[in-house]
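Letters A, B and C name the chains as they come in the text, with residue numbers starting at 1 for each one.
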Amino acid sequence: VPNPIITLTTDFGEASHYVAAMKGVILAINPAVRIVDLSHRIPPQDLRHADHFLAGAIPYFPIGAIHVVVVDPGVGTERSLLYVELGGHRLLLPDNGCWTTLAAKVGATPLVRQLSEPRFWRQPVSNTFHGRDILAPTAGHLSLGLDPALLGPTQTAWLKLEQPRPSRGELEITGTVMFIDDFGNLVTNISESMLEAWSDRSLEFRVGDHVASRRVLSYGEAQPGQLVSLIGSSQLLEFAVVNGNAARSLQVTVGTPVKVFAGQDPSKRIS
Amino acid sequence: VPNPIITLTTDFGEASHYVAAMKGVILAINPAVRIVDLSHRIPPQDLRHADHFLAGAIPYFPIGAIHVVVVDPGVGTERSLLYVELGGHRLLLPDNGCWTTLAAKVGATPLVRQLSEPRFWRQPVSNTFHGRDILAPTAGHLSLGLDPALLGPTQTAWLKLEQPRPSRGELEITGTVMFIDDFGNLVTNISESMLEAWSDRSLEFRVGDHVASRRVLSYGEAQPGQLVSLIGSSQLLEFAVVNGNAARSLQVTVGTPVKVFAGQDPSKRIS
Amino acid sequence: VPNPIITLTTDFGEASHYVAAMKGVILAINPAVRIVDLSHRIPPQDLRHADHFLAGAIPYFPIGAIHVVVVDPGVGTERSLLYVELGGHRLLLPDNGCWTTLAAKVGATPLVRQLSEPRFWRQPVSNTFHGRDILAPTAGHLSLGLDPALLGPTQTAWLKLEQPRPSRGELEITGTVMFIDDFGNLVTNISESMLEAWSDRSLEFRVGDHVASRRVLSYGEAQPGQLVSLIGSSQLLEFAVVNGNAARSLQVTVGTPVKVFAGQDPSKRIS
C-alpha cells in the first residue's frame, strides 16, 4: 500500500498530547502513512454528535482509507473495539453505536470484527487510552497491508444509537434539532424528502418558540440577522441566523423541538 | 504532479464535518495529494480577517501549491467562484475580495478565471456548501494536472476589499486595529516604513485610550503585564501586553483607533 | 530522506496566520515533507504545559522525525535556539526548559547545539517570529539531509524547568495538579509507582477540598458525575468527573494541592 491514508476523529481537543501520541504510534509502525485530521473537537463523549459527523464526512473519502474514531466514554470497560468494513470504507472504533447513521446512509452490509489480538497492540495497554494503545497501532498495521481477518473474530451484533425520529401528522411534521455546527446553524432530523409532498403549499417553520421569517435556498438571500430555514448540505432542514449564530442568539440546544406546519390549501398562505 | 499540495483555509471550525467532507472529496479525486490545514478558525464570514490571514501566509508557500479558501458569506447567491494565479501562487476562492492585501503584497498581475464548468464539480451541487461541491473537486482535478484554462473564462474584474487606510498629519499618524491574533496582540495598519521618517524623534503610541508604556523590539524586553508597542513579524505596528492578552485586558476590538504622536523636537521626549 | 516528517507544536492558536506561515516556509525549502500538527493550543507562553505535552507525545514518534516546538516567551531576547538529539528524537526549540520532563523520560544523554548559522535562516530575521524565520527553515534544511553539525556549536548547559515534586510522609503523599486536559481531567505529579508500596491499604485521594468518591481503573466504571481517582495513561494519578469536567465543576487549576492518605492498618478503611 503506497502512501496509505489514516484519518483521525476524536473528542480529545488539542491542548493535550493525546492526539499527538496517537500520531506518533501510527507513524512509528508505518512511517509512510499520511495522517488526515478530521476533527478533534467532537464534544466530549458526545456519541450523537460523532454519529452525525461521521455520516457527513466518511462517505466522501476514497475506498481503502482507514478511519480511526475515538469517542469512547466506555474506555476500559467491557465494550468491544471494532474493525468495520462498510461499502469499502474501513473504520476502527469502540462498539458504541457512533456509526449508526453512517451505516444507514452507506446502505451496505457491514463486515464487523472484534479486535482481540493483543499482538497488534501497544504493550502495556493502559486502562484509559485505547486510542493510543489499541486503535492507533491496529490502524498502523492495517495500513501496512495486514489482513483484517487476523484482527479478531467476526461479530454479528453491535450497538446502534437510537436517534429521535421525526413524526408526521396530516398538516404537521414534528422533529428535533440534532446537530449544531460551528456557525450556530441548527440542523434538524427532518429531511428534504419529507417536505416534498408539500412542495405546493405554504409552510411555517418553527424551532422552539421561534418562527423562521423566510425559507431560502442559501444564507445569502436574506438580510443579516434574519432567522431563515433552508435545506442544508446534508439534505436536512436547518435553521440559521444570516451572518449570525442561531444557537447562541435563540438559546437553542440539541434536542429543541422543531415543527413544520403546512397550509391546508395550497393557494392560501398561513398567517 | 507527484505529491501535490492543497492547502485549506476556512471559517468552518472543527466540531462540524465540513472540513472533513472537503478533505474526502479531494482525496477521492487524487489520493496522492498532501492536504495542509492553514486554518479553520477564521471568524465566521470575516473577510477582513481572511484577507489579513492570507497575506501573512500564502507568500511563504512554494509556487504551485493550490490554496482553497472558503470564507463565503455569499454562498448560493450570484457571486462567482474564482481560480486565481498570482505570481505563481494558485488560489480557489469566492469572489469576495479576501485576497486584496495578498495581491498588493505579491505585486504581480493576477490571472483570474471564473469557475464555470460543472463537469469538474461534484453533483448535485448544494446551495450552501460550494467548498465541498465546487472548490474541493476543482482543486483535486488541478492537482492531477488539469489545465486551468479549462475551468472557465478569464475574468477581468473582481471584488476588492476596502480596508481603512492610515492617515498622516505633520506630527501624528492615525490608524486602526486591523487584526487581533490568538495572543490578543493588536496588529494595526500602520507600517514600519511610515515610522521611518521619525526615527530620531520620541514617539507616543496610543490604542483607544491606552498609551504604550514602552516601545520595544520584542515582547521579552519588557515586564509581564506592561503594554508595549513594537513592529511585529508582518512589519506592522502592533500593541501587546507582555505575557498577557491585550485585546482582553484593554477591551480593544478590530476597528479601535490607533494614534502615533511624534515629539516636535528630536531632542525632547514627550511626557 | 524520502518523505521526511516534521511535527509542529506551538502556542499560536489557529485564528492567526503564524502556523500557516511556518508550514509555507518549510514546504518552500522541502516540498516533499509531510507536516504533522501536534498541537497549536499550548496555552500562551505556558512552558509547564508544553513540558508535559512533549513528554506525553514525542516518545511515541519514530526516530528521525524532526519536532519543531515554538512556545517562546523570550523570542527576540538573548535566549538561544537549540537543536537537540535525544535518544534519536530530534528537536528544534528555544532554550527555555520545555523539554525537561521529556529528557528525564527518554533517559538518554542529549546532544545539544546552538543555532548560530544565519545561512540556514530566512532573511531578514524578525524580532518576534523566530518560528518562521529560524526554526522552520532549519527544520526544512535538516529534512533535506543537512548535517546537524553545521547548525552551530555544541552547547553543554541548557535551561531546565523546575517542576514541583511530590513529597512523601509516613502515611501521606503531597503533590500538585500539573496538567489539565481538554476533558477537564486533573493530572497530578504523583506517579503510579509511588502508590505501589501501599497496594494493600485503603487510600483516600483529595484534590483541593474534594475527596474522590472512588478509585477506579477507568472512567466508565463509575456513575456520571462522580469524582474518581485513577492512574491515567501517563502512569500518573489523576482525578476525573465521569462524563463531566472536573476542572470546571470543582474550580481546580494547575497548582492545586493533592493529597493521598493511607490507612494505618491495611485491614481498616479510612472513614
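FYI, contacts are C-beta pairs under 8 Å (C-beta built on N, C-alpha and C of every residue); 3 or more make two chains touch, one makes a residue touch a chain.
Computed from a predicted structure; not experimentally measured.
Trainee: Are the interface residues of chain A and chain B largely the same numbers on each copy, more than half shared, or largely different?
Mentor: Both copies, chain A as well as chain B, present different residues to each other, with under half of the numbers appearing on both sides.
Trainee: Since chain B and chain C share one sequence, what rotation angle in degrees maps the C-alpha trace of one onto the other, as a multiple of 5?
Mentor: 120
Trainee: For chain A versus chain B, what separation do you get between their C-alpha means, in angstrom?
Mentor: So the centroids are 31 Å from each other.
Trainee: List, in ascending order, every residue of chain B touching at least 2 other chains.
Mentor: Residue numbers touching two or more other chains: 34, 37.
Trainee: Sort out for me which residues of chain C touch chain B in the complex.
Mentor: Those residues of chain C that touch chain B are 11-21, 23-25, 27-28, 31-32, 34-35, 37, 44-45, 73-77, 79, 126-129, 132-133.
Trainee: Can you check the complex and tell me which residues of chain C touch chain A?
Mentor: 3, 5, 7, 9, 34, 36-43, 49, 52-62, 65, 179, 181-183, 217-221, 230-233, 243, 245
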